[in-house]
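Presented sequentially are two complexes of chain A, the first with chain B as partner and the second with chain C.
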Partner chain A sequence: MASISDDRARAAAPGAAVERAPLRLPKGWAYLPLALVLLTFPLYANGFWIVQIGAYSMILGIIALSLMFLAGYGGMVSLAQMSVAGCAAYFFAILGHSSAEAISLGWSAWLTLPLSLLIATAFATMIGLLASRTAGIYTIMITLAIAVAFFYFTRQNYDLFNGFNGFAQVEPPHFFGLDWRQPLPFFYLTLVVSALCYAAVVYLRRSTFGLTVQALRDNQRRMRALGYHVTGHQVAAYAASGFMAALGGLLLVWLNTRISPGTIGVGPVIDILIIAVLGGLRHPIGPFVGALAFVLLDNFAIDLIDRERFNTVIGLCFLAVVLFSPDGLLGLWEEARAALTRERRPRD
Partner chain B sequence: MAERSSLSATGLSGARLSGAGVAHALRLEGVSRHFGALVALDAVDLEVTAGERRAVLGSNGAGKTTLFNAITGDFPPTAGRIQFFGEDVTSLPVHERIRRGLRRTYQHSLLFRGLSVLDNLYLAVRGVSRGRYSFRRPRRDDAALRSARELVHLVHLDHVAGTVVANLAYGQQRQLEIGMALAGAPRMVLFDEPAAGLSARERRELIEILRSLPRHIGYIIIEHDLDVALRVVDRVTMMHNGRIFKEGTPGEIENDPQVQQIYLGGGHG
Partner chain C sequence: MLAALLVAVVFLVGLGAGWWQLTGQDKRFIATVLNGLTLGALYFLVASGFTLVFGLMRNVNLAHGSLYLAGAYIGWTAADATGSWFFGVAIGFLAMALAGLALQLLVFRRMEGQDLRQTLVTIGLSIVLADLMLWQWGGQTYQFIPPDWIDGTVRLPMVGMGYSEYRLILFLAAVVIGVGLWLFLNKTKVGTMIRAGVDDRDMLAASGVNVQLVFCVVFAVGAGLAGFAGVVGGTALSIAPGEDTRYLLASLIVVIVGGMGSVTGAAVGAVLIGLAEQLGLVYSPTYGVVYTFLIMVGVLVWRPQGLLGRGG
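Then we have the complex of A and B:
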């Protein structure tokens, strides 16, 4: 039954309509070329490109994706995602093997791997419990405070975290008889984990859990009035995204073969935010786009300007994207597409 | 979780038949709410029987919305006791009251603006059932999803079921707001000015929706428009300055000189 007149359709919320419409990206087969490029990348790229650009971008992408899930869907901007990743990395080194033989327990990877993921997820859950008492800018503040506290704690604690030095010679487990440190296996391992994380977020968005996370962003008071325990759902969101960040953290420590406070300092913590915002928070592909742009800038801006100015360059890029495209690089893509469509159909 | 029992029979048994054989769905005793020095609700006593339909009338600022906020726990009362189907819910958090069968709409729509109409109603149904934390997507024949579709139909939004709420017309948002309160198995619904800002036609539809509700669902409706209010309720409560000053049938209220002076004469809108 056609009941309600549409005469006030636009009056309802001017501007709000565009604000959250789902970002429209190409569907299905359009991704085939991209998949082919990614799968065949190691065939024509050298070791540096495979690992330092390819794998590293994907790892930062996974950690930024965990932030995108929390912030883009849940409206909770946590600066502690890198700390959670670092926590997983640290405990993989502490429980398993490293150069710091006095500390590392030398347990089997079959144990260290799930345990470090578990501990990092528990850490994320605790962060969620603290952060869920806050909203907006205060969430950013408290998670930044946690990140900074964790950084100083690892730097000053020598019994467990080996202080300033951290852990070196942390290697990926040798499962399936492969040396996962080799560029090729490591690239594909990272690719598979990235694809799984990406697929998980795409799937979760339409799951009951994902819908509740988006509801957290839109209206917590209404959620309560529907029977939801809001804090519970917030903490669950932190835990789920923390698990993803932890996966990224393990890959990161395998890539670097070391973990030290420098990896989880304020700089890297902010980098994750920059990457997520640079790429775009409205679609799970955004963080990977942002990470690639970030890593490329990180490696090649040095050819244009001296090393010291990298932060200036990334800062300016960040500013430009935020100013001209609130939806990050993804938003630029959409605008370009919209412009093209307009050209094709001038009288729309 | 605890809501399984609460949704079924809690409170409907013995406690329901308190008083002189009257089933009290809601009982407020000396409920007050202060905002700083402002007394928005002043020692309010209120009793609503199960399945009863009640209107709360009063000029702007009379404390009607504050009364709803106290009942649901959005802004818990600073003094007094609230019983819901015989159970003292005064200190329960909002979601626990909702899981016991209480529902509400908001005067200014509070919806999930980034989600579709169907998603909004699905979340409404899910909120009072199990599986709130499910990592799975609801299957096509999922019971909650089916109830959500029925709600979409009930509030006449079938043609915009997939539309993101931010893109809905105002009237449609108001209708969705009502749908959100009817999810699950409500025992009592609080409607806060559902007709405000609606066209004449939308008002007629609203009345139709309210009348089509199953008789066992009681509700309290805040409504400025007497045409709407008096046509859909059994009893009327009048509020002024945070107090209840009159209660009666629609007929009694309509003809009461004091009511006409304070409510109809005093500026409202």
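Then we have the complex of A and C:
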């Protein structure tokens, strides 16, 4: 690396905000009620709640989780996670079936599914290779530039990405004789993928790889002196989180049955960051909490204020969180708990 | 500097080729290069403020595009009310300079040294500002009416083809402002303080300079330039929602290519990106963005700190 001087890189490291002790959330069996609620959710909710609130929140949660993994543990705030998700969705439509007969190749889902995941992960790896040339605050600029450039590219390119229109009628495959478009199978599919991603992040956090990435966030120079391959670990983190984002992207295109530049525009790219920060970057449950809050606001802000002004509301919520609760909604939870048990938080 | 020379050589070769045998192809090429240069001039006006603020305060102001668009809208409203285009330009500059001052005093000063938080705040601000502007000015496109005497067509000497007079003046204005900024930074006392602050902020404060005041000056000038660019750029092209993102992306790429914190770098980067964008648009419309992107990737691989950036 050695691109920007280390002093500056360290001063700019976003990890500084997340260096404190991990959030103390309930552990183990305390999650049983949550799991029960999620598993039985379709029993007492209607189709709208199952898909548009439940599944949609979890999908956004998965993509935001991939950002949380990079930003929270690696100190690399990548704004290109939505682009990686969109890349997977685009290639699923390009290789498989869609309304754009002239472009879609119509391959079997057994082939398009792994291929689109692979291409998106490769895309994420390349983003990682570029972004790890710089550090800290520069990462945001470069990944934002990549995300916006990808958006403009898909919009102006008609040969491959079908330009402004994108692809419609992108159906999920019919595996195991089930129509995964139906609310119930789709909800459980999303739930299983979310749980797997969540478990993967929890596992990675404690693995040698995860610990190395966290150490790189805290002191890159020392880790290099110890003989760790800094860029290699960072790029691997990008690839791992890119794979997660790609899974989210596939679920997203199955939910919407369409993918167009609007899905990966600046708005959605920033939304993922908002969701991750809203929930909190210090624990993998944060992105899901943030996604649920975001989707609820998105759907029900209409009752509170003019639907047209949703962006103002979400922008102000985001500003409020950044200004007053750096750990997001999870931070509020911790503070409330600390206040209840009259427990002093360790000062840093 | 090497890149600037290279661009100049390419440009002159292009002009020379057009001089000898003026086919329609050549004229199209010259017009495209001129469009690229004027677009680069516009990008320079926007990006120079961005890079100055970044260099001194380590503050990636992702609301910089919003300042551009807000300056354009406010300038348009002022020009529309008074009928004077120049009044619109002045108001666009002043309004955004004040907005920048307010941002620095009310927001950034309170979270000094917390780069990520500052950047997140600017993202939040840009979302809210974009939505409020959409509310106030709606989704339609606005067009400025510049004074008649700068809004004509001039016949270019040598090549004998017509070109927009306004765009040439825009290019000249950007050159004048660029030279002015260079003189301000290199020949005045405040400029010396700013450059010292870019190199070592703490040492500057320790030697008795009121750093907060310097920050305010830089932020006001940077934001004001964005507002100014909003009006003059809105006159050359047009103003509509979404332009904020376009100029934010342009500023980002220009300073990544040119080197963060370097005004000369911003000039070089802006010309490169402006040319790449226009040439790409004309000669391969569906892959135009790729050229801009490849320039950025190339620079990151070859010189991660930017063409004229320091450090590393």
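As a working rule, the second predicted complex is superposed on the first by the 323 of 348 C-alpha atoms of A that agree within 3 Å, B and C clash if a C-alpha of one lies under 4 Å from a C-alpha of the other, contacts with A are read in each partner's own complex, and residues count from 1 in each chain.
Everything below uses one rule, namely that a residue touches a chain if its C-beta (ideal position, glycine included) is under 8 Å from a C-beta of that chain, and two chains touch if they have at least 3 such contacts.
Quantities reported herein were computed from a predicted structural model and do not represent experimental measurements.
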Who does A:His229 touch here: chain B (first), chain C (second), both, or neither? first
Per the contact definition in the header, classify A:Leu196: touching chain B only (first), chain C only (second), both, or neither. neither
In the superposed arrangement, which partner chain does A:Leu296 touch: chain B (first), chain C (second), both, or neither? neither
Mind working out whether A:Tyr158 is in touch with chain B, chain C, both or neither, as first, second, both or neither? second
Per the contact definition in the header, classify A:Ile142: touching chain B only (first), chain C only (second), both, or neither. second
For A:Asn219, using the defined touch cut-off, is the partner it touches chain B, chain C, both, or neither? Pick first, second, both or neither. first
Share the list of chain A residues that count as touching for chain B in one structure and for chain C in the other. 2-5, 8, 11-12, 16-17
Under the stated contact criterion, what part of chain A meets chain B in this complex? 1-9, 11-13, 16-17, 19-22, 203-204, 206-209, 211-212, 214-215, 217-219, 221-230, 232-233, 236
If you look only at chain B, which of its residues touch chain A in the complex? 3, 72, 74, 93-95, 98-99, 103-104, 106, 110-115, 119, 122-124, 126-128, 131-138, 156-159, 164, 166-173, 175, 180, 183-184, 199, 201-202, 205
Contact set on chain C toward chain A in their complex: 58, 60, 62, 113-117, 119-121, 123-125, 127-128, 130-132, 135, 245, 248-249, 252-253, 255-256, 260, 285-290, 292-293, 296-297, 300-301, 304-305, 311-312
Which residues of chain A touch chain C in their complex? 2-5, 8, 11-12, 14, 16-17, 77, 130, 133-134, 136-138, 140-142, 144-146, 148-149, 152-153, 156-159, 163, 266, 270, 273, 277, 308-309, 311-312, 314-316, 318-319, 322-323, 326
